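When the chains are written out, they are named A, B, C, D and E in that same order, and each has its own residue count from 1.
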Amino acid sequence: MDKTSLIGITLGIAAILSGQVLEGGHISSLVQPTAFLIVVGGTLGAVMLQSPLPVFRDGMRMAKWVFVPPSSNHTDLIAQTTDWSHIARKEGLLALEERIETLPDPFVRKGLQLLIDGVEPQHLRDVLEVEIDAWSAQMRLGAKIWEAAGGYAPTIGILGAVMGLIHVMENLSDPSRLGSGIAVAFAATIYGVAFANLIFLPISKKLLAHVASGVSQREMLVDGLVGIASGDNPRIIESRMQGYVS
Amino acid sequence: MDKTSLIGITLGIAAILSGQVLEGGHISSLVQPTAFLIVVGGTLGAVMLQSPLPVFRDGMRMAKWVFVPPSSNHTDLIAQTTDWSHIARKEGLLALEERIETLPDPFVRKGLQLLIDGVEPQHLRDVLEVEIDAWSAQMRLGAKIWEAAGGYAPTIGILGAVMGLIHVMENLSDPSRLGSGIAVAFAATIYGVAFANLIFLPISKKLLAHVASGVSQREMLVDGLVGIASGDNPRIIESRMQGYVS
Amino acid sequence: MDKTSLIGITLGIAAILSGQVLEGGHISSLVQPTAFLIVVGGTLGAVMLQSPLPVFRDGMRMAKWVFVPPSSNHTDLIAQTTDWSHIARKEGLLALEERIETLPDPFVRKGLQLLIDGVEPQHLRDVLEVEIDAWSAQMRLGAKIWEAAGGYAPTIGILGAVMGLIHVMENLSDPSRLGSGIAVAFAATIYGVAFANLIFLPISKKLLAHVASGVSQREMLVDGLVGIASGDNPRIIESRMQGYVS
Amino acid sequence: MDKTSLIGITLGIAAILSGQVLEGGHISSLVQPTAFLIVVGGTLGAVMLQSPLPVFRDGMRMAKWVFVPPSSNHTDLIAQTTDWSHIARKEGLLALEERIETLPDPFVRKGLQLLIDGVEPQHLRDVLEVEIDAWSAQMRLGAKIWEAAGGYAPTIGILGAVMGLIHVMENLSDPSRLGSGIAVAFAATIYGVAFANLIFLPISKKLLAHVASGVSQREMLVDGLVGIASGDNPRIIESRMQGYVS
Amino acid sequence: MDKTSLIGITLGIAAILSGQVLEGGHISSLVQPTAFLIVVGGTLGAVMLQSPLPVFRDGMRMAKWVFVPPSSNHTDLIAQTTDWSHIARKEGLLALEERIETLPDPFVRKGLQLLIDGVEPQHLRDVLEVEIDAWSAQMRLGAKIWEAAGGYAPTIGILGAVMGLIHVMENLSDPSRLGSGIAVAFAATIYGVAFANLIFLPISKKLLAHVASGVSQREMLVDGLVGIASGDNPRIIESRMQGYVS
């Protein structure tokens, strides 16, 4: 459970709402279903039009990482890989075979399998680098769905506001509707800015941070596996992997 | 047929129009041919001025990819290339000659021809990489036509709005025209923002995604062909190509 | 003659002007010499202050490319280079000497001269790559003059508008001047946005497209010359050069 | 103590406050706790939602660098490393062992330890480069927390302003509240712009400058250590390290 | 003396001022010391907060390059280096020793010294490339001071304008102060936009152009010195250096 995310989203929304109350306004004047429909519907439409379906699905699925981060851990990976390097030194690469079954992550499994198959170090690195690049590119596209939503939402909010203002202008002869009409129109601006800045853009950044961390772990692991394949000293391997933690 | 695109564009426009109706406005007040002329004419003019003719044509032609994606498929390409690698192992490179005729894609055909000609691996990669770079650059330019349109449309919408406001100001002595005049002026803003955010920018992003996918497929194929030319084991070739799918 | 440019600039300006007429306004209300002076003078001043004189001159001279593109042609260059490769094979490099005189482009001439001088392939590539980089950097700077103008114009337009609004505010006691004063002020906004989006930015993009095309031709030529110097088969040379056309 | 920072932040805030006084306004009208709550709470919420906890902590901890820069010094490092290179020449690498204890910086200590362990030059560089990249990436993420805050603050300020305007519009029937209501609303804009431009963005830039300086020092040190490991002449080592100072 | 700079800055300011006069306004209404204090003080404060002191000093010192460019010249450098290559061929590298004294630029002096010391070509290039990178990075940071100022000025101008508007709103009961109050408020916008677009941003661009030119000269010189160290033919050396001029 990512408590920082939870505090962040709660704090952001609470600041806005309590600000509204402290100014003497009613929270109910921020509730405008029409403005909500325009901003959320328009943003969702734009994001769907721009995304291939698998990318859109990735983006939606990744959203849960905001609160439940993908479980992975530089320190455990280092311990595990150093352990493998000791086994490989003492008992040979084939002794690692039985470890493969227990590995949950397909990338780690593939890397270990290639190591056991005796693929030579440079080749091992090349194959796994291609995989890291592909994974990273795919995950980044998913995370960018939210960045795109954060780009569309404010402008569609403005679109809703201008539509509201047109409506107001057409009813200028009835001044009693002027104020509340503008209030409705401005709600679209608020929704656009708030969704983008309190939700969509921060989500995109947090997902990108998880992707970057995943890439760093995978590259650290590749360095370790290549070290084992090259017959490096376990202490050197561990020391080099430590470099990724800093 | 790309259903996500269809849903996206429908959802975006429906959200705007139903928002207008729910606010109690008439859809007809969003229909302003003059504002449409200014925004679409101005945007089209700017895009044509900035584009060499072949690039402009590419951009227009690529637009159909939004609904009918270019048919291609990582999985089929892997199966096909692995198949070739088995044939090359058993019967030699020349046995691939008869396969060339049936290939629809000129890039795949050229790659296979070079392989059969016995061009050495590094050379094969170099020649095909040049081709991928050229194809990618050309297609990206085409897709960027739509990004450019998405950049020009909102500012030209503002231009139309300011022109409308001038018109209103010149008729201040006749207050009855004030409201409706501003309504006309704001329609240009709406058109500019809506075309850009609901249509042009998402189209550009979707086309760029198709281009990126095409580049990834071509690079995967080159890796496979170079593997065959180097006499690699078919299992290694397939495994490395799988890395592009992730 | 680049007809796309001509259509583009005509279409953009016609859309704005006919929009003004259709709204019932006079084209004359868009003619504000003071606003023109502020926007064009300010933009020109900013561009001159930011540019070294040779860059400024390049930018001005390149502007004619918008309508009269630099004459050059991938296909002709391929035919010519393939022709040279045949001559070099049959009659030796020195037989190319007489071709140099007839070449109009100094870059092509220098490349051929180095080839005839028997400079070794890698060296030939290095020398010419330096030249391409320098040419590309210089031409890009020239094209970016127009991008800079497109960046300054709208903000200076806003500056003119705010100056106009100050003027209006100082004369609030005379309401009859309010409307027309604001009209004058807004004209600066229109000039800034229109010059930037209908002229300056598209020009910059078109010039950059010509530069990119020139770089691609030069790199294709270098590939061809290096192929001749390496004694490659003319068919391979032609095939590799074709890769740049895609 | 970084006096430039102190002068900068004082000057910025003093300019705003004295501007307010000189215009005849009261500083008290800039004190709006509600606007402060919205801008600071919303910005903090967005930043927390977007940041993994360790990154958020790094960003907060690094903030003190603005006034108390991390102590480090190109010149001292050069003198120290040149000194080591003389010792290594005369007494051998092992003679450096006793120096390790006294080194406060873990990176320098690790580099010297690897040198003494007799790790070969290219390997030494590789291991330390990985560490530099990881350190640089981590510190840059921390500094970017402030850039993100500088991006969110103005838009959340606008959000607060629009909320204030809605409030005003709902009370149009009571004109006496119009002016002061708008004044409250605008305070949110001021807070957003001022926090971003006078505090958050400059802090981010200063932290990034410290990170860049730290990277440069570490790379200079690696060059020096690799020089010692390669048995280079101390004069050459010093000369090359001097190149980083310029 | 850089006449383009002088014309540029004069033209920009003259266009604004004469525009003001032609509209019938007084230049005196553009003179608002309070707005000046807010914009210049706030911008200076932000720039000082963001910059390490040496970078800030570099930026200030480099400002004089706008009118008095750093004296250097591709053509002279080529002539000089070609001259050295002839001497080195005829009389050996040591004959260049006496030339060092007369060289004003420390970079050229260091390069020639390393050449005379007989440092091998690749090493010579490496040492000098490090120096070029460090010089370029340092100078670019200095030039970016002005870009940063150009980024802060308009937003601080808006901050000043909003402060002015608050002031106006608080005095709505006294309509006679409305117009002139807004005029004062808008002056801050004008100062922010004008300083940024007519002075700060163009200065930054011009300084960056001088830095780029300096880098190009240094790289050209390194190519020449490496050529001499490799014993290349003077004609080849000159031809390759010519490539940087284009």
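Following the convention adopted for this analysis, contacts are C-beta pairs under 8 Å (C-beta built on N, C-alpha and C of every residue); 3 or more make two chains touch, one makes a residue touch a chain.
Small disclaimer: the values here were computed from a predicted structure and weren't measured.
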Neighbouring chains common to subunit B and subunit C, by label: none
Where subunit B and subunit D overlap in contact partners, by chain label: A
Mean-CA-position distance for subunit D and subunit A (Å): 24
Distance from subunit C to subunit A - Cα centre to Cα centre, in angstrom: 39
Junction residues of subunit B, two or more chains touched: none
Pairwise touch network: line, ring, star, complete, or other: ring
Sequence of touching chains round the ring, subunit A onward through subunit B: A, B, C, E, D
Complex interface listing, subunit C residues touching subunit B: 2-5, 7-16, 18-20, 22-25, 29-30, 66, 69, 154, 178-180, 182-183, 186-187, 189-190, 193-194, 196-199, 201-206, 209-210, 212-213, 216, 223, 236, 239-240, 243-246
Subunit D to subunit A touching residues, read off their complex: 33-35, 37-38, 40-42, 44-53, 55-56, 110, 114, 119, 126-128, 130-131, 134-135, 137-138, 141, 148, 152, 155-156, 158-160, 162-167, 169-173, 184
